[in-house]
């Protein structure tokens, strides 16, 4: 419940549009966290940092994920679960029939409230087809956080004219996410061509001396282009989260 | 020479306020780069990505640094040299008497044009006194790129009340740079408390298992807080550059 | 057989409460080790370092684990098996029907003797739900070694008010185990807030640049807070063992 | 100023043994921190975690170290500076003539208040002569934090009878610090012989595949003996700090 | 075919005990290698370095392993296959019914010729039960190469009296193989107690910061005891091969 | 479509041998890339760098691989898919019945156009039988790119006479690919014996301290022989691609 | 002495143009190596692999370098010493007054025989001014080995139009050396634009997560462009040696 | 004092050839160690493991080294100090005028007793001139431990005929030490050619991806040849110590 919603609720109380009891129940979500024994849902996160808590699925049981989803639905929050799998989705479906599963992105989303999209756009630019799972995770996150977003994929530097062909679209965005594996050179090349902040996401696409994405990560951190900051390997969610904060600055 | 300056110049030509010859000389900087044998100065960088080229001093001789500075001064550009030392400063002083040297930051700056400061502010928050060189490099860069900036230092999590005491100031900034060495926990803690994008800079402050900042870098990349992206170890310049792009978004 | 038990046995002999033969059989466990061909059970471990041997299950066959359990049961020792799996549990069940299996903790316990709990308490504090297996291993170990223990989970620094809410409970403990993955910042934050020794356990919760917990381990070793020592990744057992030694100091 | 001292001060005020003005000045140190521009001295650290702030010298200028020392002396605190050098010592000497420098330990100490030594003892056990700097840092820290401590050096496992010869002394301690470089086997061997908590300190003594102490650190983290927790490479201070917390538990 | 066998064969030819044709067929194995398309069997290896070729199973198909075995059997050589699995064994069984499979050791052996055991003995000393696979590989290799060998297991330093109990047996050996995982301290301790060459084998027993045996390997390479050389992680074969060379020196 | 083919097509148009419509359709492949939503096929790659695009199978779905194959077949291009599996082959079979699958090499090839083999030869020299998959990938690539190639396997330095036996064949090649795992010494030895450029491919054959081929890679990069350059671990494709460029220089 | 020179010498003998004694002295260099106690000069290297031995200066004393130079001069060979310093140059000057020192390249060269330059050209393309030492080492080596070579520097991808401006020159070369530090993206970009073999040289230009060039090396090994092989960090010599072999293929 | 010497002394006592007092003084060295405050000299090392203690100079002060030397001289022991420098030598000279310093080997030796050389020989084989310091340390150690030894240097695999030329000499040794830097291939090649145990010493000769000898170390541990065991980087002493144990086996 953000401040606008809180204001509206109290007006309803004032105007007798809602009973004290109902209001009290609704206000329950204002408590700083919901203690679920195995988890403490951070309820005032939206007020504090701008978005409700996002659920990191990895290492949780389908039951835990479903219970957290149920709790958040009961507070009328939108739900975004990352690193999710089919078992989790089936469990979540039981508590919310409108839950959606993007298998490639490994995300479950529940849209309990309408999402108003931002004025500005996030461009998600990716080097290769194999980077699609990370692109999808970033895209789903961007949308859930209320951003317009476009996907531009398979424009890696081995065929640099493909990138130049899409450059105008990229330049129109307010912030750019560059997703790449292998040597990650796409981030440096884009960084040398545009004047917008770039969030680079190294992916674990590669083998051998790629070291599960570490080579890509190091390359991006050492970019000779300026204006590039980096998130963890395969962290499409984190990139979109940072990009969203930037995209919605007023 | 950015587009505004170009427009102005051509108006001067139109109005006969400037001779064709003079205009041609001024326009020389519009050529895409200045070939100096050992270096190619990227002249259209400002038009392309928003700022003129910044000189990375490491590995260059004082003579090379001075020549590049001289070339940029002749084009009436402001000059920022990072990773500079005293020998470089002495050489640069010869070509521009207004050059300034911040020894702690290891930067040389030449302000040939007035810098208009941005409406918004970048907060540079640092864990300890030993992180000051990186703070200074970030601050000098932020100023040269036209940003308001404040420094908040020695607020590491070993004494977390020091951070809470400065939290309101930090929240007023549009974008926050967090500078920390050792385990770099400050980035995660700040990330959990504010709703602004954070650029985290790991520093090489530490010893042993710190591995020259690698431990800090890895920690920041794995932050459990969202909205944090990371730059290279000790890269105060890079953080400020990204922060500036974000801070000046309209 | 500890010194108290030995004293009691010899009194029984003196008082003719027990036959020489029976006493001899019981004293068998005083021999320094029991040779089982594939293993040498360290019998005088309890006298020497305070606790009987703990069985590390990994890399042993269910049969070996069962045989060791049987031997220790015959000496009336309590049995703690770590890194155990269901197959091992089924084999152990055959030799001791009171064996219990904590699947999350991956521990098998056989309580042949009553465990008197210590006066003081160990607090086990964990950052996230995904750290629960390590929390459980630490908890089972703490209990088997005769300690009071409490679990405080999902209080990571991304929502630091959750930690502050539980701080008084933590402060009442004599020694604190902090369990965290990702960047492990919780250890530093707790370390800056309390005056008790902390044993930090990095977990392998994370991905990419987490490097299977190495990032967390390095971060904890570089903590800017004092009073923190560290054990191996996911080593809930080792942390509880050290904590138990500290908790029971007189 | 700890709680006992605070109580005493207020009694003096009550009994008119001290003027209000003087008391106010003394109470200044109760403020949570002293802002020195480049550093924020954590004044309530002693009340919060049991000891006043310790100054980490590395990366600070001699002037900064001297100013911090001066501030702490004015609050009648004992001062411990680690990773100090001769230049720092000379600067500190100017602000406190009773400052002492242990060159081997790289510590500066100022004893403004008498230190009452603890009832129990910390044993500092080291493998070789080359480990002495870390032993000394640990010893100086232990003493400053109010502990009895003994040093037992050059008892590495290459000549294990040297260790057995000193074992009784080691067993009398309440907590043991084991300092070793190379393969660090001493920690495991001591861990298998005593029933007290051990803080292991890997040192950077070695070459080649020692990797500046990383090999030793990893070995200690993988000890087959229980009851061992580990601090950063060469971190004699951290080991003594943890040991002190344990040694003074009541 | 070694020199003694060659001498004997030629005497048989001289004495007409064998036909020229048969001798020629037997001498075929003297050719420097047998080309099998996918492999070139090194036939003069025994003459050159003292033992026939040993087959490394990993990465070969069961068919390839069987064909190589068949070829070597036809030359009346003993066959040792390491890193073998059940599928390989079943294929080899088809070409030699006397093939034996040691599942723990992952070795297949075919004894076509009687093995005369050496005068001296190799001691294989291991820290824990989990190290048994490596012990078995070393033992099988030692026997196939014609050595007496004894196994002494579960004598790790966490209970060092177990080692002392077996020390006399170890001292009687001419060369000692020490097998250990985790921190590998057993190698250093044994090295400080005996005057025989030691081949240390790090095992991958451990988890987390053990890094798949790398921690153990580094520790052993940094041993403070002299007279220790090291082979690859889990390389029981290599240790036994080196030990055999030493054990059979005249 | 290369320049020769383009020339021929336009001649056909000029001579009325082909309708304008048909020519337009054929020329479609001249567009710089074919946008397939999930992939942008680089159509002018052959004109630009000499060969059509090669499809990297890893991380793509069988459907994606089949669609790309279909597109390239429709442009009458030969198709080479690396890192392919059986599922991909079955999908590709549906779109081109002449597709072939080399399971060991993990390649799918579709030869829509006849391949004219080069005058010169590439020698692919490998240390052991376990390196065969990489040898096969290199061989398939070399053939598809139009090279004569020979395979010389199992000539590792443990039996160096096997290498000398094949040396004359190797010397006849114009460029040599050396494939080896473990310590990769074969590259250095060959490098010291011949006067042709060598492309070295480290393989992931090995275990323990081999680190998945990293040890081999580092060794090859540090070769004391000159004339050796290196590609990624197991990158038979990349080695053959570089070798082909060299082999076909005129 | 190569085959042509040998042929000429023997003709001189046949024609009585040279005394038997003189010829014998000249032929001395045909012996396979010259034993200098601390070094064995590889005399038949030129016949075997095409070039005389190159001296690696690092780790040799100036005296050793001078003696080797003297020996090679007496055999009328050209001398190339890499990783040389001023002390070595001064010592070499004593034995050959025509020795030249390129301080930036760290090479000493002695041209005793005229060098005929090749028909084809090697292009040495570098990302930044700080990469110049490696460029120079490659250039000196290329010239000494008889190649035409051009240098194209400071064309890194942060300002990619600088590269496009020089592309035609690069395309005219028969083989291209790409020298870059930081993320090394230049290699991938060039690789996507030309159809010639590329030897990539990572440099140690960078800091922090660059890890002394390891990040660059890994990036280049993972290039998404084909036709790129890699040499050791800062190994300008090795790159030029491989390039020369390729450049001179007939 | 070894057993022979002890026997002789007691015979002298029995025969009245020596006074009781003198004998007692001589027997003082039989005590298990000499406590020197900063060091405990391991007196019974020779009886236990066959050789007196060797002093590791690194990290000790010249004064400490001199005191230990003096103590050992007073016990009539030969003294070997490794990793020594000139300052140490000057201090040792003061306590024993017969001390010798091998600067290249970094060893100080004091021969108080005649050294009888062994029947068998250790061959020390090295790849390059730059490996000489390690060769010298191994040689000095071998001699001090009573072995015949020969040095064969600069026979690296880049010119493999140099090695073959010396092979007969190498084959005559009982044990071979192979010293090499860079890729260390010499160990594998020698291992494939002889039937004697090999101790391989990786050296830190190299740069870039050599990682200070780590690449060489890993390569040697992964050797495809059998019969090779490895010691730490640059550890000529350790190799010679192991080789001596093997060389003197009876």
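By written order: A, B, C, D, E, F, G and H. Residues from 1 in each chain.
Definition applied: a contact is a pair of C-beta atoms (placed from the backbone, for glycine too) under 8 Å apart; a residue touches a chain by one contact, two chains touch by 3 or more.
Because the structure is predicted, anything quoted here is derived from the model rather than measured.
Student: Name, by label, each chain that touches both members of the pair subunit E and subunit G.
Tutor: Common neighbours, subunit E/subunit G: F, H.
Student: Among all chains, whose Cα centre is located farthest from the one for subunit H?
Tutor: A
Student: If you tally contacting C-beta pairs, which pair wins, G-H or B-C?
Tutor: Contact tally favours B-C.
Student: From the centre of subunit B, which chain's CA centre is farthest?
Tutor: Between subunit B and the rest, the longest centre separation is with E.
Student: Measure off the straight-line distance from the CA centroid of subunit D to the CA centroid of subunit E, and report it in whole Å.
Tutor: Once rounded, the distance between the two centres reads 51 Å.
Student: Using mean CA coordinates as chain centres, what's the gap between subunit A and subunit H in Å?
Tutor: The separation of the two C-alpha centroids amounts to 61 Å.
Student: Just the number, please: Cα centre separation of subunit B and subunit G in whole Å.
Tutor: 39
Student: Report the inter-centroid distance (CA atoms only) between subunit C and subunit F in whole Å.
Tutor: The answer is 55 Å.
Student: If a residue has to touch 2 or more other chains to count, which residues of subunit E qualify?
Tutor: Residues 128, 158-159, 191-193, 208-211, 214, 217, 221-222, 226, 232 of subunit E each touch two or more of the other chains.
Student: Show me, using the given definition of touch, all chain pairs that touch one another.
Tutor: Touch list across chains, by label: A-B, A-C, A-F, A-G, B-C, B-D, B-G, C-D, C-E, D-E, D-H, E-F, E-H, F-G, F-H, G-H.
Student: Could you list, by residue number, the parts of subunit F that touch subunit E in their complex?
Tutor: Touching subunit E from subunit F are residues 128-130, 132, 153-155, 158-159, 161-162, 165, 205, 207-211.
Student: Which positions of subunit G touch subunit F when the two form their complex?
Tutor: Interface residues on the subunit G side: 48-51, 54, 174-175, 191-199, 217, 221-222, 226-232, 237-239, 241-242, 245-246, 249.
Student: Using the touch definition from the top, list the residues of subunit E that touch subunit D in their complex.
Tutor: Listed in rising order, the residues of subunit E that touch subunit D are 127-128, 156-160, 182-185, 187-189, 191-193, 206, 208-211, 214-216, 218-226.
Student: For the complex, which residues does subunit A have touching subunit C?
Tutor: Interface residues on the subunit A side: 32-33, 38-40, 42, 44-45, 53, 56, 58-60, 64, 202, 204, 212-214, 217, 232-235.
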